[in-house]
Amino acid sequence: MSAPPAPPMPRTAGSAAEAYRLEGELPMVEQPAVPFVEIETVRAREFIPAAKEAFGALIAEQGQAKLIRPTFNWAGRNSLFPLHWGLACCAIEFASAFSARWDSERFGIVPRSSPRQCDLMIVNGTVTWKVAHKLITLYEQMPEPKWVIAMGNCATGGGPFRTAYSVVPGVDKLVPVDVYIAGCPPRPEAMIDGILRLEELIRERRE
Amino acid sequence: MQSDDVARTVAAQIGERFLGLEPFPRTAGRLRFRSEAALPLFHTVKEQLGFHHLSMVGGIDWVTHREVFYVVWSDDRRQYLLLSADLPAAAPHIESAASVWPAANWHERETWELVDIQFDHHPDLRHLLLPDGYEAHPLLRSFQLHEPEELEVKQRSV
Amino acid sequence: MWINMGPQHPMTHGLWNLRVKIDGELITDCDPEMGYLHRGIEKISEDRHYNEVITLMDRTCYVAGFAWEHLYVLAAEEALHIQPPERAEYLRTLCEEFQRIGSHLMWYAAFVQDIGLMSPFLYGMRDRDLVLDLFQSYTGARMTYEYMRVGGVRNDLPPGFTGHARKVLDWLSDRFVEYDRLCLGSDIFRKRCDGLGVLSAADCVATGVTGPMLRSAGVKRDVRRDRPYAAYPQLDFDVAVADGADVTARYLVRMEEMRQSVRLLRQVLDWLDHHPGPVLADRLPRWLGAPYAPVGKEEYVLKRNYPKGVGFSSIEEPHGEAQAYVVNEGSEHPYRVKFRSPVFANLSATRHYLVGYRVADIPPIMGSVDICVGEVDR
């Protein structure tokens, strides 16, 4: 099989800015310029002593017991790793949320393929009885602390398929759910909003 | 014109087990046959009439009896042909088409588990879409759907 | 040794389980296990009114919702003896061709990511969003449209749509050149794709494989040409074919199909500009959109004697040849709805194009099949 050679470059060079200019028919709101924050860069081997010093000072000031949980929650909620798996329609919007337009990685959300690396399970689609025990296995393999988001109407309550013989009417019959996102399917904005709501829940987490 | 040719060839091959060729819009027609003539009919349709491509196998539960239908396509004629046979409601069975068209394999597995039609001499007749051990056949008319709340109430009362 | 790849595996792109038997790195046998997304759509349809089934069709194949709406609507119209107006047929063609581009871009994004190139995922999704924006402007939804109706479509296009759509087409046809440079010019891509997953034309026909996989084996078969429907008889296009029947050939076929879709869409947009008219047939039976009968109150459904009929339709879906069979027994609900999913048939032939290759070849080969589990399991 001899595929043709690579063609020459197109007339216009592509850039994301140009792609979005196409939808510029609608009046766009002028965004104020965001001031650039200078960040002091430290080398990896300098980071740990610097962090130790800073935390030592904080612990001396506030006490260890008071500080550990908020620090832990702060780190946890800013690096949520959802499980990378697609159940149904919502999985496509889940994937869209990681594309250039929405870019969920801004919020520290990076999908991982192994449940042992994840702390968030986004149930993005219809759950059938055939996959129910596999879903529970995956949930059990995730390390604590872990959260579950039911994305879309099917995961919330069966959606349009609630009367079907093979569909679990809501994933909360199987695993505890923290946040429900409505929509069929929810837009990527809604998914990001759901994750931000979950971050609020994590902020208040004690125990 | 072409449809006459189909009816003539099939009638010559399977005799009175050929029940007629009904007109069907934008296809070569809907060919009705007795289920015991399945295998000779499949060979005739594929090898003599040139319908090499099996597209779909499906079943319908008519309560009094079941119907199994096949959709085949011929590249030379550029036409579909529908084959359909009536089966008794009690223990419906028909010869598998998988030895003639290998494409029939999965379609027949699906029809078996959803509409409960037994395919004799099928190479691998087991559950495809439903979990193993599922005993009901959901696409029968006697199979009822329920709202989930309704089911919960029933389970509690039992 | 048998190993399970799935149901949760980065290769699967959906819920299914590929069981492969391996001897070292060599695949000696395989057995796909389906049904993890079986939602009983054919059964639920028997409980819905004719127009309510369209809701389920969007969710059957979630990357090509319009194609499945079109498939069902064509079969239902044949069963109910309804003729849609001409403008509706052109609008449906518009939807289906844009959906083909959208679906192939989604495939491109997912497939090239499997091979190891990350940036094409971002490019593919970026350009797919432009197509979805167009859908959103006249249906209000990005993926689940519920736009087509038995007897036509729901509403006409908004003013200024065709000009905007032409700009998107210009943008896209330039991007296809870039995609080709990115993939065909990449050594990684060529080494991982050339000569893999070969399925000869004879095997394709025997196992029921259709769509880009069949055309990549050099067979010029396309329902849009062989059994034209909607507005396709009036439109001019070429059937994309390639030889080689391997992963690269499937890539080439899909890319060429997108170019042909652009060509078709320009003709459709020109027609739509100059032929205003109704988009929904008049004299539709009122019960097409009647409310859903409450469960347990089936007597609410009036048993009237409508003319009976059987409808059969076949369309060229982005994944291959899809078919629908709708039986109308004279009540408000279809008596039986049966669908033929192209991916279902393409997956049933797995043994023919996986055995003999290495485990590391599975992601490119299965990626080139373009799997949408929703329509396989239904």
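Annotations for the structure displayed:
Going in written order, the chains are labelled A, B and C, and every chain counts its residues from 1.
Methods note: contacts are C-beta pairs under 8 Å (C-beta built on N, C-alpha and C of every residue); 3 or more make two chains touch, one makes a residue touch a chain.
Every value quoted in this text rests on a predicted model; they were computed, and no experiment measured them.
Interchain contacts join each chain to each other chain, per the touch definition above.
A comparison of the A-C and B-C interfaces places the larger number of contacting C-beta pairs at A-C. Chain geometry summary: the mean Cα position of subunit A and that of subunit B are 46 Å apart.
Between subunit A and subunit C, the centres computed from C-alpha atoms are 28 Å apart.
Between the CA-based centres of subunit B and subunit C the separation comes to 24 Å, rounded to the whole angstrom. Residues of subunit C in contact with two or more other chains: 35, 38, 40, 43-44, 47, 295. Among the residues of subunit B, those touching two or more other chains are numbered 130-131, 138, 143, 145-147. Listed for subunit A are residues 130, 163-166, each touching two or more other chains.
Looking at the complex, you find that subunit B touches subunit A at residues 130-131, 136, 138, 143, 145-148. Of all the residues in subunit C, the ones that touch subunit B in their complex are 34-35, 38, 40, 42-44, 47, 78, 205-208, 210, 219, 221, 226-227, 295-296, 310, 312, 314, 321, 323, 325, 327, 335-336, 338, 340, 344-345, 347-348, 377-378.
Considering their complex, residues 7-10, 13-15, 35-41, 43-44, 47, 55-56, 59, 62-63, 106, 109-110, 121-123, 125-127, 129-130, 133, 142-144, 160, 164, 167-168, 171, 174-175, 177-178, 180-181, 184-185, 190, 194-195, 243-246, 248-249, 252, 295, 373-374 of subunit C touch subunit A. Within the complex formed with subunit B, the residues of subunit A that make contact are 129-130, 158, 162-166, 169-170. Every residue of subunit A that touches subunit C in the complex is listed here, in rising order: 1, 3-12, 14, 16, 18-19, 22-23, 25, 83-89, 91-93, 95-96, 99-101, 113, 115, 125-126, 128, 130-131, 134, 138, 160-161, 163-167, 184-185, 187.
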